[in-house]
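Got a structure here, written out as structure tokens. Questions coming.
Chain naming follows the written order as A, B, C and D, and within any one chain the residues start at number 1.
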Amino acid sequence: MDDLYRDYILDHYKRPRNFGELDPHDMEALEHNPLCGDELGVHIRVKDGRIEDLRFHGHGCAISQASASIASEELKGMALEQVGELDADWAIELLGIPVSATRRKCALLGLKVVKGAVTGDNSWPVGSG
Amino acid sequence: MDDLYRDYILDHYKRPRNFGELDPHDMEALEHNPLCGDELGVHIRVKDGRIEDLRFHGHGCAISQASASIASEELKGMALEQVGELDADWAIELLGIPVSATRRKCALLGLKVVKGAVTGDNSWPVGSG
Amino acid sequence: MKTAESERTTAVSTLDVRDDFPILSRHIDGRPLVYLDSGATSQKPAAVIDAISDYLSEHNANVHRGVYALAQESDAAYESARERIAAFVGWEPRTTIFTKNVTEAINLVAYAWGRTNVGPGDAVLTTQMEHHANIVPWQVLCRERGAELRYLEVDERGELSLDQLDRELARGDVKLVTFTHVSNVLGTILPVAEMTARVRAAGATSLVDGAQAVPHMPVNTAALGADFYAWTGHKALGPTGIGVLHGRTEILEQMEPFLTGGDMIASVDFDGATWNELPFKFEAGTPPIAEAVGLGAAVDYLSALGMERVRAHERKLTGYLLDRLREVPGLRVVGPPEAENRGGLASFTIEGMHAHDIAELANRGGVCIRAGHHCAQPLMRRLGVAATARASVGVYNEPVDVDALIDALLAGRRVFEL
Amino acid sequence: MKTAESERTTAVSTLDVRDDFPILSRHIDGRPLVYLDSGATSQKPAAVIDAISDYLSEHNANVHRGVYALAQESDAAYESARERIAAFVGWEPRTTIFTKNVTEAINLVAYAWGRTNVGPGDAVLTTQMEHHANIVPWQVLCRERGAELRYLEVDERGELSLDQLDRELARGDVKLVTFTHVSNVLGTILPVAEMTARVRAAGATSLVDGAQAVPHMPVNTAALGADFYAWTGHKALGPTGIGVLHGRTEILEQMEPFLTGGDMIASVDFDGATWNELPFKFEAGTPPIAEAVGLGAAVDYLSALGMERVRAHERKLTGYLLDRLREVPGLRVVGPPEAENRGGLASFTIEGMHAHDIAELANRGGVCIRAGHHCAQPLMRRLGVAATARASVGVYNEPVDVDALIDALLAGRRVFEL
């Protein structure tokens, strides 16, 4: 079996969870991967200081799409405060595959856009190298 | 004996002919050697379309000073038209020593300034490489 | 026993120069390296690597100022490189300026020519197929100077319309027309001489980005008729750190300098400075000496191969590449359909696979291809794609490299269960 | 049997690294090469030359965009070089920008910072001892922006007056103070930390030209406190084609880019572009990859020697040089009298011999020294000399090199019948 393109990665890529628009929403952001121009946006609905629901939209490679899709399941219900503290390791571990230095940005794009929407800070998540 | 610093070169360097000011004069020019910032100027007095008299002033290395000094003796009495046609070979031959590529500009500075004064064209003499 | 495939590949010529390129003997995960990314940067023959080492180990000194032997050798090496590099593309050394890459060469024109020649109400005309290096400097210039930046459109075949060029020029406000010689995404070879003739007739100035042309085909800049022609060393078998700008004497002489400092002055005093003669006026500071020596060796190498042969080889190889890519289900090539009209590259998409994943999976087969927007995001938008994968060839590629790519793409589709 | 001279020379330490530098085994007209022109450019150890060759033969690819193995190796090599180069002078990689030389680094600040921060009525303060690279860009900027360029004066000892700096800052119009760390003509080491503290207290910005400092002494840019610190690779045992600019994050983030094109953008569309993060925002186009690898190897080499040891060695050698130059009749050294206060160089004149002739005659003895204005014409004017000869040392020099210079100078005087 392929190291990177595991079954669950391809599954999340082909059938991404929580993708689409979410209207109305309370927070949103849109980011590019400067490497390839891939675009990923997010809509977030907030309730009691937590992410009640969220949807990603945009396009990207298997790594960035799967990473956003997998993260979306974890992010639902998470306290906004906690979102602000998520770092690169969190996203990489969640993804569960070895990611090369070049493709780290693909794997982190989803987290970047969510943190951008929630905290307004759209720098790359700490530890992106 | 030294190849470059022959007796007559050193003699012209130490006792340059036709150096100083010439007032009044009909033509003048001032040039720099961009390599070292050396400065050479000339005053020319004209009669009947010929250089009646000329004086160089400024400072420079043995090559540029000797070259100007030696040339000054040839230039006296020369028709202005002829001055306009002098090229790099003329000055190098007159100098009579092997001049490296780097020091060609030293050897040609005298001719450059004289041609500049006479023709208004202060580009490097043809063949300066 | 010959398979159908090997019969077909032997029908395509090779220049047989692989052994000149040390890197090509590398293996990636046990598979021989297949380099199909010359569009991004070329590999270097031993002749270039050795020329650099030799210069640094035997002759190294700063240029233009020293009277000792090493300095004279360095001067000679640097200026001889300039002469050979200029001659390689049919231009004069005195108006051949070394920059750090083609990006700096274009910026040089934007700053030093553009800021005095483009003003409010004027227009700069570029094309939708440009590399960012030939778009962003003009966006910046036009914003600063209150001018307008307009784009020639790319049609379905990946080509421009000369009629649109005529119409744009007829508007009378165009000061500069700047365009690529060969598109780094579409492969399109533009009709440079026809375009510069029209630009000149309209009284405008032309700049051609030759980054993807000079390494791959005979280029005679004098015949092409551009006012400025720029290219980059590292794509032409030379090292990084050097670009080339050819310009017309009259224009370069009227321009103010760009970068200022040592070597580009005639004299400096506390109140101001005067400028050195061409080309030095545009080469501030210690120039890329070892890099010029390396690029000099690169053009010598290419000249010895013969650029007509290089072009013939790459055209055939590109034809073979286009043919074989058609075998991959779901694959779509962008740009001109025939190899005749394109440089040695093909950009493509595969239904159901993102370009990044295509490149990642190609690497599993030891095959190096590029994926992304290729620094041409506006073109990507025009084409309606997010990214493409691109295979691009060089003198050292052979049909087996194309075969390896196709095998890797087919294997990649299987990984993606397509 | 020891002569007085050889006894004296053995008293001076050597780092004993000659054999690391291939060029030093060369002979000029049968005489061993004596290289005393490190102020113009340094020689390169085999470790640097090999690192470049190895990169080009084994790992070459373009950076920042490729997903294949070679591209990843190149990315890692380039960014690791940036980390080591930044660490070598105590700065952060993210705010360490590669340019083509220090001249471009200074121009970058003049264009990208200067054009927005210096306006009519403002002043830029530089010094009379600057290299043209740190004068002409400010002349151009001040002319364009209607600002005034003023100069801190050089006194008889070749030093500046901190009082004058205070007086200038008190005028309240100074936006930028820019000065060299070590003068390339006088050798003077400026009190950088004291100066930047005063500049900061006055609310102005500081730029330090470290071209002659970084290769020769421990430099901790963070402790020196400048807002910008620039230096150049080829003088620091590295190759041509690379310079370095360190800048403060807040300032770099507020600046517009300088050169624009590929790699420095976040996204581009037909109407405009947004910029990439630091340091990439200031690195347009293919960067000097092989050059960064080479400079990385150079700082590794210097770090292994230890910059404290390098400085101690060069200080002793410069003391010896100053002592022995006094033996030459008619010779006058410019700049600070003691080696303690100067970098590893001595500029001098000889009564009755022009500097060019001095250098030419030194070359007869196989000795490479520089002659001319050293790209510091304003300083030459201040010193009242047309040109000087300059001997400058590097890690590879030894007392015998100084002895060879003295012999050549004495022989030269005989040629000139002095």
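Everything below uses one rule, namely that a residue touches a chain if its C-beta (ideal position, glycine included) is under 8 Å from a C-beta of that chain, and two chains touch if they have at least 3 such contacts.
What you are looking at is a predicted structure, and each value in this text was computed from that prediction instead of being measured.
Number of steps on the shortest path from chain A to chain B, with steps defined by chain touch: 2. Comparing the centres of all chains, each the average of its CA atoms, the largest separation from chain D belongs to A.
In terms of their C-alpha centroids, the spacing between chain A and chain D amounts to 46 Å.
Centre-to-centre separation of chain B and chain D, using mean CA positions: 36 Å.
Among all residues of chain B, those that touch two or more other chains are 35, 37, 103. Under the contact definition stated at the top, the residues of chain C that touch 2 or more other chains are 65-67, 71, 265, 267, 356, 360, 371-372, 377. In the complex of the two chains, the chain A residues touching chain C come out as 2, 4-5, 10, 35-39, 59-63, 65, 103, 106.
Those residues of chain C lying in contact with chain A across their complex are 353-357, 360-361, 371-373, 377, 380, 386-387, 415-417.
Residues 64-67, 71-72, 75-76, 265-267, 276-277 of chain C are the ones touching chain B in the complex. Residues of chain D that touch chain C in their complex: 22-23, 26, 28-29, 33, 35, 37, 40-41, 43-44, 46, 48-49, 52-53, 56-62, 65-71, 99-104, 106-107, 111, 128, 131-137, 139-140, 143, 151, 232, 234, 239-243, 257, 259-265, 267-273, 284-291, 356, 359-360, 362-363, 367-372, 375, 377-378, 381.
The touching residues of chain B, when paired with chain C in their complex, are 32, 34-35, 37, 100-103, 123-124.
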